[in-house]
Every structure is written in C-alpha cells, then in structure tokens.
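Across the two complexes that follow, chain A remains constant while its partner is chain B and subsequently chain C.
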Partner chain A sequence: MSDRQLANSQLGSLEYDPAPESAAIAKLKPSYGLFIDGKFSEAEGGAQFATVNPANEEQLSMVAQADAVDVDRAVSSARRAYDKVWSKTTGAQRSKYLFRIARLIQERSRELAVVETLDNGKPIRESRDVDIPLAAAHFFYYAGWADKLDHAGFGVNPKPLGVAGQIIPWNFPLLMAAWKLAPALAAGNTCVLKPAETTPLSALVLAEIVEQAELPPGVVNIITGDGSTGAALVDHNDVDKIAFTGSTEVGRMIQQRTAASHKHLTLELGGKGANIVFDDAPIDEMIEGIIDGIFFNQGHVCCAGSRLLVQESVADEVLRRLVRRVEQLRVGDPLDKNTDVGAINSAAQLLRIRELTDFGVSEGATRYTSSCELPQKGYWFAPTVFADVSQSHRIAREEIFGPVLSVLTFRTPEEAVAKANNTNYGLACGVWSEKGSRTLWVAERLRAGVIWANTYNRFDPTSPFGGMRESGFGREGGRHGLEAYLNV
Partner chain B sequence: MSDRLDVRKTYKLLINGAFPRSESGRSYEVTAAKGEFLANVAQGSRKDIRDAVTAARSAQAKWWNATAYNRGQVIYRLAEMAESRRDELAEHVALSEGVNARTSQKTVSASIDRMVWYAGWTDKIAQVLGGTNPVAGPFFNFSIPVPSGVVGVICVQESSLVGFVDAVLAPICVGNTVVALASETRPTPAVLLGEMTSSSDFPSGVLNIVTGITSELAPVLAAHEDVDGLDVSGLAPEVADEMAALAAGSIKRVYRPHQKELESSLRRLRAFVETSTVWHTIGQ
Partner chain C sequence: MPNIESEAQLKALIASLSGVDAVGAEARAAKLSTRSIKKSTKLAAIDMAISMVDLTTLEGADTPGRVTSLCTKAMRPDPRDLTVPSVAAVCVYPDLVAHARSVLGASPVAVASVATAFPSGRASLAVKLMDVREAVSAGADEVDMVIDRGAFLSGRIGQVFDEVVAVKEACGDAHLKVILETGELVTYDNVRRASWIAMLGGADFIKTSTGKVTVNATLPVALVMLEAVRDFAETAGRTVGVKVAGGIRTTKDAIRYLVVVNETVGSTWLTPDLFRFGASSLLNDLLMQRLKQQRGAYVRADEFSMD
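Our next item is the complex of A and B:
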C-alpha cells in the first residue's frame, strides 16, 4: 500500500464540512486613494490598478497608482509633520498614539483578518491567529518604548532620523506594516509606507485606523503602487531612511542606489533556511515543525525552513512521515477556517515556483506532490517535497518562496553546520534535538539571525528578527529594532 | 657619533601571520612628513588582498570560538608589547605625521590606552548588546552579538597609529578578523604594530595588513564577495560612496564615521556585529 493510499484509508472518513468566514466582513470599498497628509486623495495622474483575490482571480478593489509626484507629496507631508509636529511631540504622547493604534487593530481584527486573507490568499486561520494579533502586539510593544528611549542603551536623548521611507512585501502585509511603522514612530520619525503592489488593502485599512487614532496629519502616509513607486521613494532626496523588506535582488539595488546618499538603510531580504533534524528529535513535534516551517503561509516566508537537513539514520522514516503528513494538508479556500494551505499570492509568483520546481525534477531530485484537488480558478500550487536533493541543485540554493521543501541528509553535527551555512543567505535556521548541549553547539555555529530550537516560525515583538550576510542587515523587534530608526 | 652603519628594516605585508613582500614584488617609496626618504614599503597587489581575505576567513572561526576572556588577554598583550616598544612607535609617528617627540609620545600613549579599552570589551559586549527577550510563549529566547565575519578596513590616511588601532581593534575585539589597508602615505606605524601582533599571541590571520596604493586596492576589498563588512573611514567622501556601492554587491555592512565620533561611542563596535536570536522551547 502506498503512503497516499494508507493516508486515504485511514483518514478518508475524516471529511470536514466547509466553514467559511464571510467575505462581507472585510467591508471593502470599490476604490481606495493614497493616504497623504491625513487625507485620502486620488493619485495626481488619476492612475489606478486592480487588486485581485488570488484564490479566485476576482477583482477586490481599485487602488491608486502613486507616481513620483505623489511620492513627493507624501514625503513633503512627512517632512512637514516631522518639522512642525512630531519632533515636538513628547515621547509620552507618541506612546499613547501608538497604544491607540494597537487597540484599534484589536477592535477591527476580524475585519483585518478577512481583508488580509482576501488580498493575500493566506488561510484565515493564520491571518486571524498570527498576522493580526502580532501586528497589534507590535504596536503595543513599541508604544511602551516611545517615552523610554533614554534607557534603550544608545545614550541619553537619542535622536530620530527624520522621514522614513518604508517598502514592504506581500507575504505578511499588515504585520510588515506594523514592523516598520511601530518602531519608527516610537523613535520619533515620520513615515511614508508603500505596501506591496499585490496586497495594498490591509495597509489602507490601517490608514483608516491612523485616522481614527487621530495621529497628526502627515505623520503616517501610505501610498500604493508598483516597483516604480518604491523606486521613486528610494530616490527621493528628502528621505532620511529607507527600510526595505523583500528580495535580495531588489535589496542589493537599493543599497547601491543609496550608497552615495545620506540615507540610512536597513534591509530584510531573502533566505534559504536550513531546518536541521537530529536522530534524537521527538518525531511527532519535529514533523509538525517541519510542516509549519515550510508550508506556513504557503511558504511565502523569507525565513521558511525550505532546506530540511535530516540525519541519515532517520532520513527514511522522516521522509515517509513527512510525505504522509503533506498528503493530509487541506489546500483550498483561504476563507475556510479548516484550510491549512491557501492560494499562491500572484500569477508571477506561481510561475516562479513552477519554474524552480521543474528544475528540481530535471536536476534529478525525487518529487512528492500532494494529490490534493486544486480549485479551478486562482493561483494554486500543491504542497511538494523533494528528496534526493544535493547542495548544488537550484532548489537547494535559490529561494523558491513557495510550498516546496528540499530534503538533504547529513551524518555528523559538523556536516550539518557546514551544509546549513553553505548559502549566501543567513536569515533563519531550525535545530531539532533533545540534547540541549548539542543544540547550543550547533546554534553557536550557524550563520543566521534567528535560530529556532525544537520549534519554527515563531515571532514576537520583543524578539529581534533579521539576517546576516545577503539576508540583509538591521533588526526588527525588541530593543534592537529601535536602532534602525535612531541616529546613533 | 658612531660610524656604524645602521641595519635598516624592510617594511613588509602581514598576511596569515607571515611577513611576505608583495607577491607582485613591487614596492613604493614612502617619505616622512618633511619629505625625506623613509622606506621602500611593499606595494600590495590584488592578489595580496585576496590572500589576506582567505587568511582572515580561515582564522575567523578559531578567533570567535576562543573564549572572550582569551581574546581580551591577547589584545591586552598587544598593549604590553606596544608599551615596551613605544619609542620605536613614537619615532615613526613623529616621522610620519611630522610632529615633535612630545606629541608623538602622547599619540602612542593614547593608542595604547585604546588597546586596553578594547581589550576590556571582549567579555562585556555580549552583556551590553545582548540579552533575553520576554516572548509571549513557552520559550527561552536570547539575543547575542556575533561577529559579521571578515571585515575590510580602509584606514584613515592622517592618523597613522590611533586611527589604525581604532579601526582594526573595534572589529577584532568583537570576534571579526580583519584585512586592513594601511594609510598609503603613513604606513610604517601600522606595519610596526602588525609586527607586534606576532609576539602577542594573535592567531595567524586575525589581523592582516596590506600596504600599497589605496585607489588600486580599495575597490578589490570593497567588491570581494567573501568580505562581510567594510570600513571606509580612510576615503574621501566621493570615493567612499563608490566603495559603498561596490560593497552593496554582496550586501556588506558599511561603516562610515560620524563627523565627530566620540571615543567612547559604541558605534564602531556595533558596526560589525550581528544579532543572533535563539528560541528554545521550555517544557517538562
């Protein structure tokens, strides 16, 4: 009996009825403008583009396409707000504004979760339980720092940088907005935030929240658009700081473009995280951890555990159980509360995942793909595991940013460390073992900004997150996250 | 006056604990501040830079895996060596910088005091920059500063000794290894200090010093893919811009000094450390 048959025979009776969340909760408007100087306005040129639901390719709303003129309006508004208001606002007051935002996110959490799932394609279970609560928590955490900066370890009375231009990706739209805005505002900067082209909506709801919190106009500006909008923001002369989360390719370009400027820069870029499994690891937790490490958010996670390094002695068993577990993942309607894996965020991303997985096959790896049924419309990719992967394979070297796991093996801890570090990236790694001393020995040697031991993909506002090497520089979260927005 | 002819020294590179002439066989003439001939100093090549980076990379894990206490002892030992050979250093500072004996002695004192300052940092920086994080869940979560890896330092041109000490010991004391491009016009104090590291228990490759023409060598260091961080203090702003753009090719950390960097600032120490955060489950 094959694993698939085995899984079906054991679990065939466990069918779940659909339990969809209502899309109406999102209260989406037919169109959204740019949030500049405390007001929504159309783009200067009147340009708009559609944002679609990746789960069914239906249009959700129209949003404004900001061009260089709009970017200039937003930056000027942020500059005015910085000079006239925000730099004169006490830390205690900034703190209270941020607490208000945190509370408003909590109050509108259900709406935000549905908006996020509609626009991004991620399962409602994740947007409801991870993205939105963490976004609120992030504002809560940094709210408390705003009036305590003297004690943050950067000397007395550390100064903000000024106007921060912040460019965020589509994988955790609201959470990334929170990671950028909360520390920047706490430190006393004003912001121009550009959400990703394919996921602008939750940031626009956040703009409404900023209005409801009655932040002074111009302190937070949110402008939608494509890569050209981001480029105009990066190149704008009156921006003091660029914070970017996205691909290493774009990050490199931004570093080059800002090298000859006064602009401060932090980059949170790609990764090819190794999840290292030793033979003494508790197998049930470990299998769940591997699954969570790569299939959380459809693998659209820069810190995803996309390379599984498993000790040879348990490799066969781990692979067998992994394949069986993958077969059980429920793929489908992101709004269904029982869904484990949602839609791929865009057609372009789906194409990239397909291209790279094709290389996996042509380069000789063994492919296991879930036999799950995929919806007819929308962008979908069935969870996939590659075995017999070697280090030179493209699927072991390049970030796929999708639900695709590459499995490699090792014999000794030294070999595990060497293989884990054999990448230009350095964002995150996992270590699974019951032996604490070995876990710490490995952790000490991994070149990664975040190391999860016997867990994976955990995030917390108090915990610094960010990469080494070509995964970027600067930290988000914790006391360390303030450094990115202070002139210290 | 004695009619004995003095034995003059050849000023060579420091790569992987050895003192090679440049593999290119080239040298260039260095004059004292007042114009007289001082030395023919080895003129490093692109290949010398690459060799130095290789040496620094091989030495890095060993240096970082040494205990912080041990790293402090090694750097303190350098201060001892410098103190015992202070007249020699002072003579070269005086010649290079064109200052009188009194001033040069003060410079040497200041540089030795900087060494002691850095020696003391090795086992304190983790407590100052790191800590535990109270995450909302059953995890023990801590952050520690770890070295970026291999740091390329383009040393300031004017301050031949203090500037050099600050630029190389800041990254070294937090666990990096360094390839330093010494001041082009005033390299000899750096070369002397490099010699002293070999009697200070510095493991080979922790500090590598290349002398030569800055405009020729800086781009090689800035673009080298196996260099993790770059200190461009020694370059004019426009050139520093160019090097910073080259450094972006492999997402290097780039340190540019503030106009008035305070001696006690931690900025230099923070420039080439990474925060590594570990989550560990707590359970029975």
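Our next item is the complex of A and C:
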C-alpha cells in the first residue's frame, strides 16, 4: 500500500480567520409538508423523515414522506391545472410567471445559498456564486422562450406534453430543479417535481417562491420522499413525461418501467469524464481546470473530470503541480466563505467513495491524499489523486462521485481519444492544448455530449447539456432543452 | 541559474515557456478575489501591506518639500500610533534621491529611484546607464528600471536582456526592479516572457507598471508574474520579488493582491523583501481601515496627511 501523505507545503500561510455565513439566514422551519395544488399539506399517511446537515450530522428539519396516494394527489392536481389553466395560457403569460420566479430566486439568493449549503454540504462560495445564480439564469432564459416557441425550430405552434414527472439528484438540488422546471413550464407543461431524499430543502423554498409568484395552483407540485416516491411517480399512469437526473442504475430501472408506455423519457445519468492534457497546454490554467473539474462540489458532479489523461512527456510535471495544488485546497466548514471543498453529502456516498478508493490502492495505484485536517463530525473525504492508474482499474472505470481523481497517461492523440472513449459513459470531456487544430481533431472523435476546450465544468442556460450511451439521452438547456417538453 | 550565452539560447528558453490561457487566468484571479479576509487576518494583512508600500511621487511638479513630507510619512505613517510599521521605501525621480536620502537618514526605509529614461525608456543605453549611476551614487538603495518595450514587441529580446544585465551591473549593490510595463505588453503570454527575460537578466524584482500608462497593475497580470517567479525559483534556485504598481488605491485591492501572493507563491513571498505595492494614495486608505478595525468606525479622510 502506498498512501503518501504530503508534506506541509509553504503555500497558504496567511491564515484566514473563519468567515462563516450565518446559518440563521436559511430561516429553516422545523418541518415541511408536500406542495400540492398550490399549498403545503401533510403526507396522507403522516410519515416524515429527517434531513441532516452532512457537515455535522445535525438534523435540519423534518420533511414529509410522500406515498403513492400523495403522488396521485400531486399528479391529479397537475393534470387539473394543465387541462383547466396552463394549457390555455399564452406564452407571454407563462413567460411572466417564469420571470417572476427568476427574480424571486435572485431576491432570496442569500437565503437559498445558505439552505443549499446546509442541506447539501457544498461550500457557500459555490452555492452563492454558481448554483443559485445559474438557477435564476435558467428561469430567465426559458422565460424568454415561452412566447417564442413558434420560432424554436419545432414547427408552428408546438404542443406541450402534459404532466411532467421530474426526479432530481442531490448534487445540485436547486439548479437541477431549475433545469427541469423552467423548460417544462415555458413549453406549457405542468410539473410534479421530486427532489432527492437527502436534499429536499431548497426545492421546498422554491415551492414557497412558486407560491409567492402566484402561479396557478397545481402547475408546480413538489413532493418529497425516498426512492419509493420516485417509483410511484414513474409508475403513475397519468404522467406524460418522466425526466430523471441521477445514477445510471436507477435510470436503467426507469427506462424499463416506462418502456412500452405512452411516457416520454429523458435521462441524464452518470459519467466518467476525461480531461485530456497535451504537452502544450497552458499549464497553470490547466491545473486550475483539473482542480475545478474534479473537486468542484466535492466531485459530486455527473460530468466531473474524474479521469485525467495526460501526455506522458509532461506527466511528472503535471502531477507534481497538481499534488501541490491539491494540498492547498481549503477543506472544512461549508458555510465558511473561504472553503474550497465541503462535506460529502451522505454517509452512504462516503462509504462508496471509501470502498472504491480502497480498491484503487489494492489494485496498485499510487495514492496522494491531502494532509488537510478533517472535521470530527460529519461526512468528510480528503481530496485525493491516484497516479499510475491503468485503464483496467476500477477507479478508472466506475463513477466514484467524490473528490477522487485518477491519472492515466497517453503518448499520441489517437491513444488519448481511444482511452477517453473506452468507457460505458459519454457525458463530458475536456481538451487542453494551445493548438486549436488538435483540439478540434480530438473533440470530433470524442464520444461525449459535452466537450470543453481549455476549461471545465462551465455551465450556461443557453448551452445544451446531456450525454450519450450510459450517460443518458435528451438535452437540457438551450433551444434543445425545449424539445424534451414538446410533442415533436 | 541558467547561464544565457546567446540570443538563440534565450529565444529557445523563452519559446519553451507554457502559454497563458487568458480566460483561465482571469477566472482564477476573480475567484481568489472572493476570499473573505476578516478580523485579525485583516489587521495583519493591513500592517503587512503598509510595510510593503513603496510610497511614490513621480510628478514633474515634485519638490524637495513634498519629498520631505513623503519621507516623514514613510517613517511614521500615523504619528499618533507608533505601532504602525514604516513603509518599505520611498520612490522618487533620480534628482530627488539625495534629498530623500538625507531626510530618511538611518531609518530602515529605503530610497528607490526610477531610472533608465523612465517612464518610456526611450534613450540610448549609455544615457540609461548614466541615469542609473547617478541615482545610485546619490544614495538610492533600489533602482526601478523600465524595459525597452519597443525592442520586446519587435522580437529583439536579446536587446532587452542585455539592457537588464547592463543596468544590473551599473546598480552595484542597489536592488534592481525591472518594470515590464504590462499595459504596453498587452498579452499575458508577453507578460510571462518578459518576466523571465528580466529574471534571467538579474532582476531582484519584477514590477508591473510605471503608473504612467492607461493600464496599470491588474490582478491577473500579478498572478501571471507570481507564477513566473515561483517557476523561476524552482528552476533557477533564486527568489525574485514582485512589485505591483499603479491604480491600487484601496485596502480591499491590496488585500486581494496579498491573497493572490499567498495562494500562488506562498508565505515566503509575504515580506517587503519580495512583495511591494507601488502606490501613493493606498497608504491613507490602509491607515483608515486600520483605525476602522480598531475603533469600529471610520474617521475623516483629513485625519491623515495628504502626502
């Protein structure tokens, strides 16, 4: 076993005092109900479950556990709203509501950022600067489309699908809700949204915002619960569309259950993104890009650049700089404005990360782990880089969904492409080179939905996002994102 | 340290430097400027910044009286509070060096002089060297030279290098700061290359700007220069300082630079020996923010002397 703790680097010794954002800003309630038909109500069976702060394992709030009866209430409410109100509104009217939601997200952005960080464990810097502004941007963007659907390239007067059941993951709770709701509502669908079991709170604040924006009751329903709630939603006969973001395993199950039904389906699943580094890459920015690619959101990113393919001639230099930079990451209290890497979202996820990294060590990869001090309570995993990884190692093939990078090498562009494509997934890749022609040559040959050049993990509502092969199908964002919610 | 023996060798070395991705460099600088520096860290950073100031006056209208005032302030930035550290240096034109030297006497505040036909650098090498020698013999501890941007931009980097070498020699024991005038070099790639040429030529410091052109120090430019000194220290084994100059007026700005230093090259560089601010109005803002941290309230701007 070769677990090398890094020597304390000289970097970062202007010690920063803690600069925590106040948890009170979240204004959390002791318990939340289900948002159905424009109001909050208890679950039919009265069941509840706790949602905890992964950074300290303290309970944040109790939320309702929706069962099949509640799902039916939500879907019926969405159906009524679709038939009686939403399908009869004009695009301009829908646009007005979407603009309202966008503005309200901005107005309550500080509260939402704190809620997101408390419930998810991600650093406040990211929820404040990425998640919340992007969520608002998605509503703004699709607000603009609502009255221009005739010009979206899907023919004249394209029709919505009806009731959309939307199941979202825990890694970007509010942002994923925005990705799902904004295009669906713009296209004229009504929605039943189920946030992830471990991160329901920001979606419930969004429910309050939907109420504030005075959307007609039933247009947006938000129901909390575990996998059984999601399954009930997928199985409900009156749902016209299922949109799912999450693991490939669950995605496969959903596709089986919706097969041979009238239900439209889009899936955004896992990934094992490759960041390909050529010897002429802009080295300092490339190191930052690799760091962003894998340690952004603790690596809980489906498109994370979890494999680094580096040209052999610069591999040692890149690894040396990378390890130095990893050591510098500030890991700790997610509410601290200076934290770079926060908490792992759940005990279950932490277990999976540990299991896979242990495998990495036993399969002979060289492990570098940041010597950062981890808090005693909560779910934490120190940023880790594996060198000497080969294509057959589990850590090069399976999605770890944590702050763990696997470094492999290549010698020629052909080999880089072959290795990058040698995966079941196909969500995202990055190419780092100062030579434009080579970047384009490589990008043409990569089998992935998103390819970044000299950057990584950049998102914009105008740009379509989605995968191929086991990373799913369908696109979210941009004009393409409308297609998933129109009958075309 | 690599011994440069021919222009071809220098050109090959400079060509081997990695490019800078402008979008990435600016994003990194912007990200670092979101660091939240509060309480005791802020106080420590303010004192650190004060001790790194090269208190500067480079006006045609400068007088010995103004320089006297500046030197007095440099030694005791806040006469009512002697715990405020003195600044690193005063920076003046060569003709005022002797005067500054006599006012500063044996104080630890150094005299820095701009030279080499500052700010444009448009004079013959002989004139430039004469300028340097006069400043040094008048008592300058530090010389701030400008590179020949015309030569650099037309690819005559050997000439730029030779001038740095010659000026370094003329400096004798005086420390040499080489001003790249990054606002005229325009691209980050150029900034990185010019940084290396200056360091290879013997610069003790590389400095962003004269303060006399439209674009002066920026955070991304400082980042690129700090990366250059870090890499140079690793390959050549010699630590070179960085001075950012022009347009830095607020404590907030100064702290952002300190954060970039801290997270790019680390604590070794967080000393006046290796990092400086070339500024004039910055000092008063640092003093005001220092008092604000201590008293919890702002004082009037007129509480501090204008120069």
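A few notes on this one:
As a convention for this text, the second predicted complex is superposed on the first by the 478 of 488 C-alpha atoms of A that agree within 3 Å, B and C clash if a C-alpha of one lies under 4 Å from a C-alpha of the other, contacts with A are read in each partner's own complex, and residues count from 1 in each chain.
In this section, contacts are C-beta pairs under 8 Å (C-beta built on N, C-alpha and C of every residue); 3 or more make two chains touch, one makes a residue touch a chain.
Quick caveat: nothing in here was measured; it's all calculated off a predicted structure.
Contacts of A:267 after superposition: chain B is touched, whereas chain C is not reached. When the shared chain is aligned, chain C comes close enough to touch A:328, but chain B does not. In the superposed pair of complexes, A:478 makes contact with chain B only, with no contact to chain C.
Using the contact criterion defined above for the overlaid structures, shared-chain residue A:454 touches chain B and also reaches chain C. In the superposition on chain A, A:288 makes contact with chain C only, while chain B stays out of contact range. When the two structures are aligned on the shared chain, A:19 is found in touch with chain C, with no touch to chain B. Of the two partners chain B and chain C, more chain A residues are in touch with B. Taken together, the two structures place residues 454-455 of chain A in contact with chain B in one case and with chain C in the other. Across the complex, chain B meets chain A through its residues 61, 128-129, 131, 133-137, 139, 141, 143, 148-149, 228, 238, 241-242, 244-245, 247-251, 253-254, 267, 270, 274-281. Those residues of chain C whose C-beta lies close enough to touch chain A in the complex are 18-21, 23-25, 27-28, 34-42, 44-45, 48, 224, 227, 258-259, 262-263, 265-268, 270.
The part of chain A that touches chain C in the complex is made up of residues 9-17, 19, 125, 129, 280-286, 288-289, 328, 337-338, 434, 454-455. Of all residues in chain A, only 137, 153, 248, 251-252, 255-256, 259-260, 267, 269, 424, 426, 436, 439-440, 443, 445, 447-455, 458, 460, 462-466, 468-473, 475, 478-480, 483, 488 touch chain B in the complex they form.
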